[in-house]
Amino acid sequence: MTRDPDGGLRIGSPWPRRLLVSHGVLVYLFLYLPVAVLVVFSFNAARQTAVWSGFTLDWYRRLLRDDGLLDAVRNSLEVAAVTTGVATVLGTLAALALGRSPAGFRGQRATQALLMLPVVIPEIVLGAALVTFFGVSRLRLSLATVIIAHVVFSISYVAIVVRARLAGLDPALEEAARDLGAGPFDTFRRVTLPLLLPGVVASALLVFTLSIDDYVITSFVAGVGATTLPLHIYSMLKVGVTPEVNAVSTLLLAVTIVLIVVAQRLLQEDRRTT
Amino acid sequence: MKARGARALLLPTWAVLGVFFLAPLALMLAVSFRQRGVYGGLRAVTDLAAYLRSGAWLANYIRSVSPIYLSIGWRSLWMAVLTTVLCLLISYPVAWWIAVRAPRRWKNLLLGLVVVPFWTSFLIRTYAWMFILRGQGLLNAVLLGSGVIHRPLELLYTPFAVMIGLVYGELPFMILPLYASLEKLDRTLLEAAADLGAGRAAVFRRVTVPLTMPGIVAGVVLVFIPSLGQFVVSDLLGGAKSMLLGNLIQNQFAVARNQPFGAALAFELTAAVLLLLLAYALYMKRKGEEVLL
Amino acid sequence: MITPIASPSVEIRGVTKRFGEMAAVDDVSLAIGRGEFFALLGPSGCGKTTLLRMIAGLETPTAGTILIDGVDVTRMSPHDRPANMVFQQYALFPHLTVAGNVAFGLRYQGLPKRDWTAKVADALALVRLAGLESRRPDQLSGGQRQRVALARALVLEPKVLLLDEPLAALDQKLRKEVQVELKTLQRTLGITFLFVTHDQEEALALSDRMAVMSHGRVAQVGSPAEIFERPETELVAEFMGASNFFTAEARDAGPGLLGLRLASGAEIAVPAPAPPRGPFRPGDAVRFTVRPEKLTLCSSVSPDAAAVPVIIENCVYQGVSTLWMARGAGGEQFVVCQQNGAPVTGLPEASAGTAAFLCWNPAHTVVVQ
């Protein structure tokens, strides 16, 4: 029975170590190289070919002059901000209701099923359904309809993450607060919420990211003048492959990665102190 | 908190999801039974009873199984199956490596590196392959430049490109559930099996795979369903030859302006997805484990 | 036998707690006096923790009433009750400092904010943790965390302090120290301490009185000496380590005495057992126990002595004492515990298979139900 000094296990491993490692490395390369290539060529001086001909920031400069793009960024940020605010509040309330109520209360199973649906139903179905709904209810497609659509699929994510955090809290802490004289509201405000906060913030960041990146649903429900960044990028893509697209992709990527890393850090720290 | 308080907290969520999720879905179902109007809206139904009796309300569904559309559905199904199988084969060793064999200090990093693509824009990750596979793209440039080929390969706008794009996009969704399952695997069981005489392949087949089945099933569900409804990848990387169900639906709404037909197709897709999920939930219930979400 | 107590600190009347079909606490009645250090002792699952939680208000009884200082608190929420709890894992708030933790409940007592610092300092001094106000729980040792939990509860001057397995999370050496400190603390403060434990040593060392619980019911209430020396039932005796049980036939004896005819035919007179044991009529079967340390191994006995023939099976050296395992005529197992240093009467070197007698002073016979 052998163990590698670093903790790996050799027993029952169907693949020899070297094969496993090289396969793993290849897969990681597969995952990252295409995108890395994208980023690298956003600095390429040549326009049409994929041959490297010098470093330039021209394409980024051109982005700054693209009014349509800047408008799209502004729209995306607006949508993401509002969506995050609304979805985080609703999702947290839902997580609290599900996690701190007597088990099996009337409506619990239905709520859990309801919260699961927006995540599993294909985005295209959701987009189609919403555009049909807006059409029939004579609601003009605009940024507001985009926000509504984003909130719909975001609530579930917040509920899931916050619920997980809540489940990890030691119930003795809330019991101790009540024992020491805090009523239910005070217990929530002084003990539950502070301990839950890193999870809430992390889920907010995740939802923000999802909103900024969403294309499919947004493409159905955005009205004229309500172009978001992914929509704008898509139209750029349809025109053709250009370095500007590489540049804007790189920027979007950078923002997303920063948000994810911060969210992960928050979740990890929260795990350490509780 | 008491049940009443819990229900009060859930009220806003139910309100939002009820009005903007359940109602639209119900509405779309109703629309799927109607016909397209002359200018793209809905044709008015004057005599409901006659309409129902004539069977016209099923027209869209009947049309959806005509050969042209059926072939699209079939192609979508095959693509999804192939994607799922490829993802599973590629992901399992990776998940095994991270969960079981990687040195402890690398684990978090390796896992984090899988999570990042998980949350990054699908659009960008698909575009990367456009950049690489096109006639003047990177791959051709490299191959031409090194003299391996003399004319650029037509890789873009083929089913092959769509396949790559799909696998590329869905891979993290398969790795993560597999990792979660392997992480929970009790290594001493593997040691016990080996001690009792099982060789490496046997231990894998008879102990590891059955024990990680929940993770495998979860990964399959997480990859198969989005693949079925895919339209970005097939739109950007495929051509007219690779029209999938997702493209068809989007086409009905954006171009052909035939909302009823699009709605019917969307519902068929939804029905397929829900059936799959039901099967998954029943499977998990039988195993006695909590459903994924 | 429950001795009535005038104006008890905590009174539990017919309390039952059901979880579904199962009764975790089954019709328990207890009265705990003011300033008593009271223990609820029993194996895990006996209902002691559930009972404690009901007194704290963290669970509601299915039936019965609970009174603290004469006030019915059965339906009162935990934050309104004059009882405070020290949790088993201490439940210190990780996001607050030591001072923050200790001061947590002060705002509900109507004290002006400026008095809080002084109160916190006093409480920390009481548990000998002065000066650690700005530390965080994860920077403290296990023993220190317990003191913070104590200070946090005591600063509110409760009428009853509830402790859930207070010594369970501490290591051996610390346990002895903390035992002494808790006892001193309780005597200094003079308030009622009610604690739950599965460790009989802990219960014996700390409590003024204790209740042994099993399967949701109270088996016996009494002082540590009473429970240890005179267990009323086989169950309580077993739990307290008196694992030697014998059967005999009841006989008449003088007033205050019970005659027992042993299997060997010898007749001895033992102290008459108090109710609920008995009353015994001549000819009744009587079960009794003798503690391992009250038994000795003899090579020969007089025919009238309190003795039972056995075969020695095993002997385990324990440093301070030696354990002897022996088997009786009917196959029962007996354990004898003898302090090393005292000569084994007539058996300087006993080995497995030797026949011998268990003998004891009849006064040490304890009749059980």
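Each chain carries a letter (A, B and C) given by its place in the written order, and its residues are counted from 1.
We take it that a residue touches a chain if its C-beta (ideal position, glycine included) is under 8 Å from a C-beta of that chain, and two chains touch if they have at least 3 such contacts.
From a predicted model like this one, the values you see are computed outputs, not experimental measurements.
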For chain C, the least number of touch steps when starting out from chain B: 2
A-C against A-B, pair bridged by the larger set of C-beta contacts: A-B
Innermost chain by mean C-alpha position: A
Gap in Å, rounded to a whole number, between the CA centres of chain C and chain B: 61
Chain A and chain C, separation of their C-alpha mean positions in angstrom: 55
Rounded Å distance between chain A and chain B, as computed from the means of their C-alpha atoms: 17
Of all residues in chain A, those that touch chain B in their complex: 1, 4, 6-9, 11-15, 17, 20-21, 23-24, 27-28, 30-32, 34-35, 37-38, 41, 48-51, 90-91, 93-94, 96-98, 100-102, 105-108, 111, 114-126, 128-133, 135-136, 148-149, 151-152, 155-156, 159-160, 184, 206, 209-210, 212-213, 215-216, 219-220, 230, 233-234, 237, 241, 245-246, 249, 252-253, 256-257, 260, 264
List of chain B residues in touch with chain A within their complex: 1-3, 5-7, 9-10, 12-14, 16-17, 20-25, 27-28, 31, 90-91, 93-94, 96-98, 100-105, 110, 112-117, 119-125, 127-132, 134, 136-138, 140-141, 145, 168, 171-172, 187, 190-191, 193-195, 198, 200-201, 203-204, 207-208, 225-226, 228-229, 231-232, 236, 246, 249-250, 253, 259, 262-263, 266-267, 269-270, 273, 277, 293
Chain A partner contacts - residues on chain C that touch it in the complex: 56-58, 77-79, 83-85, 87-89, 91, 93-95, 104-105, 107-109, 138, 152-153, 156
Residues on chain A engaged by chain C in the complex (per definition of touch): 170, 172-173, 175-183, 190-191, 194-195, 273-274
